[in-house]
Structure formats: structure tokens, C-alpha cells
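Down below are the structures I want you to see.
Below, chain A partners chain B and then partners chain C, in two separate complexes.
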Partner chain A sequence: MMQKVRVKPLMPPGHVRTPAYLRGKTGVIERSLGAFPNPEDLAYGVAATAKPLHRVRFTMAEIWGADAETPDDTLDAEIYEHWLEPVHAP
Partner chain B sequence: MPHDHHDHHDHDHLSPSGHPYRADNDTALSYWQTMEIAIRELLIEKGITTASEVAAQIDTMDARTPANGARVVARAWSDPAFHTRLMADAGDAAREMGFDIGPLELIAVENTEDVHNMIVCTLCSCYPRNLLGLPPDWYKSRAYRSRTVREPRSVLAEFGVTLPDTMTVRVHDSTADMRYIVIPKRPEGTDSLSQSELEQLVTRDSMIGTGIARSAP
Partner chain C sequence: MSTNKTNPGNRLHDSPLTRRLQDSPLTRRWQDSPLTRRWHDMGGDPAGPVPKDQHDFAIWEKRVDALMIIGAAKGYFTVDGLRRVLEDMGEEAFETMAYYERWVASISQNLIEGGAYTTAELAEKMAEVANRGDTYGDAAKGPA
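This part shows the complex of A and B:
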């Protein structure tokens, strides 16, 4: 079963690669991609630590709610692991 | 009279061919254009690169066209073992075909009877340039980037692609280190076509997911 995760609802200043429209949204890890230099470090020219990167799949219903064009269509985005928190089944 | 003056004024601004002169598109350099020129000139002055190396690199970039991606797609349609390798690691599969794509991490997403994929980069303009060449201007537009994640079917319809509700649209937002290529669905009635004939059916837009492959000739 694919792991369920939530994008942390943070709004820090500075360069991040987590789109604002996905923050706080819940999806499943579609695949894990390995570790990549953290763009939040690279953007400032400082030594970048490698961070695990995942492709997370969201439904349009989860992202846009009642405004979704077609609720079951999906959106995949690459999200760094430090932006994800596990969601445990109730 | 003002009218006479106006007519006279216009007449003065016609070129010998009878058409109005167009304004020169001379605008001041932007900050980043100035920065690019300054850095390029410094690198050349210091002997780190040469003007001909810079020109050669621009030539190399301009020489990349969607024909490269079309070769990959046509081979995936024709060669099941290659198709398997492409879906497992599209970067390695493209390198295997001799495309110099550097350390690029590439993911192939495949259109089927049930699924249509399309690619966007909401944060900037990430695009598989090594296989498709430079992105079209609309790919970088705020309208395409913002609307594709919110109303992909409306965007597709404007590209002339209308999908039934029974199909799922999967949008891929290139937010970090991956680049994407859509493997369009192979058109019906193309079983007898050669790989090079199939390449002619693969359009740039079909590999972005804003189009579908051409029909068999």
C-alpha cells in the first residue's frame, strides 16, 4: 500500500521548492527518487545536504475541494521528505 | 487644420514601400542581461572560455529539437524491451540511444486508454530540453502554469484535446530534480509503420501532454 503523507503547512521565507498550493494537502507517495542536494541550501550558495525526494500524488479533490474540475484527476509533485509528515490511518 | 496636420504627419512616417515604419525594439538592458554580458566578457578576458565556445554551446542547445524525443517515443512503441527500460529509467534509456543528456533525471509517463498525462512546472519552467529542445513560450507563461494544475481539462480542450470523463488526467508538476516526457498513445492503424515513419507522428505537444500523436497517414 502506498504511504499516506501530508505536506507540512509551513510558510517559511526564502527559496523553497514546495508549491504553496500543496501545503497542508494529503497525498500518497507514488515513488521515492533518492536523495538530492537540498535546493533550500543551494539557492544561497551554502553547502547542501542531500535530502530524500519523493513523488507525491494528490487528487484534485484534495487540492481544490469543491472547486475541483474533475475530483478524481490527479497531480503528482516532487516533495522533499523534510516537508512531509506521515498520516496514520484512523 | 488639425486633420491636415495629422494626415501630413502620417504620410511622413510611411516607408518607401508605403508601410508605416515600426518602432525599433530598443529597450534598455535588464539587470540580468547586463550581468550576463559582464560575466561573459570577464570569462573571455580571463581566458576561461572563448566567444567561439559560447557560440558553439548556443548552437548545440539550438540544435536540440523535439525530433530527439520523437525517436525515443517511436522506439518505445516498436521495441518492447526498450519500452520496459524506458519506463524503469528514462534517463538511462535516452543515454542508451546516444542522447547526450548529462546527469538529467528523466521520468517517462505513458498515456493509455484510461490515463492521459500532462507536464507543467508551476515554480519556473523545468522542461526536458535535452530531448525536446527549448520550451515553447506558452509553457513558461503564468496562465499555462497556474491553470494546468487547476483546470487541466479546460487547458487541454483549448489545445484541441477533449477527453471523456472515463479517462483520468494525471498532471505532473516538475517541482524539483526530475524532468518528464509523456509517451503518447500509439495511434490506431500504425502496426505496419517503420520506426522512422512512427517518429513523424510524434509531435512536441504530444510529449508535453497538451496534444496527442498524429493519426496514421
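This part shows the complex of A and C:
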């Protein structure tokens, strides 16, 4: 079963690559892609640690709510692990 | 000021509409704040038609592109640094400057930060180039 995750609902200033429209949304890890230098560090020319990157799948209903035209369609976004938190079944 | 609040999609292009939108409440919500998304993080916003017109690049635009590749290859900065400065330039620059004008400003900022040259050296070089004249023709004639 695919790991359910929530994108952290943080809104820091600075060079952030996690799209705002996905913050706070819940999806599943479709696959893990390996570790890559963190662009949040690369952007400032400082030493960039390699961070695990995941492809996360969201439903349109989750992202857009009642506005979703095709609620069952899905959207994949590649998000670094430090922006994700596990969601446990209630 | 009259604004078309139903179609912010055209903000992606330089147009009279986008210039009017700069002063609208609709646009102000994209301004940077610690509590809201940044102006460039526009995923999910209404969008207009995709412009499909093509054009040839001018020689200076090609040179700017090459400068990015050389600067990155030499290790002065990365594409992430390019994007950081482009985004920090803000929405006004996005609306008023051409694509490669924004690039060359960002590349220069990154090269200064990376130690390729100093602002003083840049200033001297810019004055020297401006002295050559307004056109390539003037420059080819040599010093006045």
C-alpha cells in the first residue's frame, strides 16, 4: 500500500520549490526518486545536502475541493521529503 | 483605475491589461509576505490562452543564454541561483522587462555573489561599452 503523506502547510519566505497550492494537501507516494541536492540550498550557493525526492500523487478533489472539474483525475508532483509528513490512518 | 478582474491570466504577457493589473487588489495578493505565497508561485491561478507565437532570438539574447551556461559550467552559480534572483526581482520586473533582460540582471547578480567580478569592475566595463556608441555600427568605427 502506498504511503499516505501530507505536504507541510508552511509558508516561509525565501527560495522554496514546493508549490503553495499543494501545501497542506494529502497524497500518496507514487514512487521515490532518490536523493538530489536541495535547490533551496543551491539557490544561495551554499553547500547543498542531497535530500530524498518523492513523486506524490494527489486527486483533483483533494487539491481543488468542490471546484475540481474532474475530481478523480490525479496530479503528480515531485516534492522533497523534508516537506512531507506521514499521515496515519485514523 | 479600471481593471479586468475576471481574467488575470494575461498577466503572463506584457500588455496594457497586465500593466493595469499591477495596481489591482487581485495582483496585490501575490505580493511577498511571510504568510502568503510568493508572487511567482502561481500554480492554480486562472490562466489565459497559451501564446504560441515564435520569434528569432537576437544576438544579445543568445549571448545572455551562453553566459548562463558558462557561469554554471565554471561553478559560479546554478540554475537555482538564476531562478532565486529572477523571483526576488519581483512581479514588476516580470511585467516590465523582457525575458533575457531579466536573465542578464540575474546572471550578473549571481556572478557578483560568486566572485567572478566586483560591482566596481562591472561599472567600469559598462561605462567602457557605453562609450563605444549606441549601435553596433558606431562601435565598429572605433573610439570617437
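What we mean here is this: the second predicted complex is superposed on the first by the 90 of 90 C-alpha atoms of A that agree within 3 Å, B and C clash if a C-alpha of one lies under 4 Å from a C-alpha of the other, contacts with A are read in each partner's own complex, and residues count from 1 in each chain.
FYI, a contact is a pair of C-beta atoms (placed from the backbone, for glycine too) under 8 Å apart; a residue touches a chain by one contact, two chains touch by 3 or more.
Remember, it's a predicted structure, so these values are computed and weren't measured experimentally.
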item: Which of chain B and chain C A:Leu53 touches, first, second, both or neither; value: first
item: First, second, both or neither for A:Pro19, with chain B first and chain C second; value: both
item: Partner chain in contact with A:Ala43 - chain B first, chain C second, else both or neither; value: second
item: First (chain B), second (chain C), both or neither touched by A:Pro86; value: neither
item: Residue contacts with chain A in the superposition, chain B compared against chain C; value: B
item: Touching partner for A:Asp72 - first (chain B), second (chain C), both, neither; value: first
item: Contact residues of chain A, present in both the chain B and the chain C interface; value: 19, 21, 39, 63-64
item: For the chain C and chain A complex, residues of the former touching the latter; value: 32, 34-38, 41, 43-44, 77-78, 80-81, 83-84, 87, 110, 113-114
item: Residues on chain A engaged by chain B in the complex (per definition of touch); value: 17-19, 21, 33, 36, 39, 53, 55, 63-64, 67, 69-70, 72-80
item: Residues of chain A defined as touching chain C within the complex; value: 11-13, 15-16, 19-22, 39, 42-45, 63-64
item: Contacting residues of chain B [partner chain A, same complex]; value: 105, 122-123, 149-154, 165, 168-178
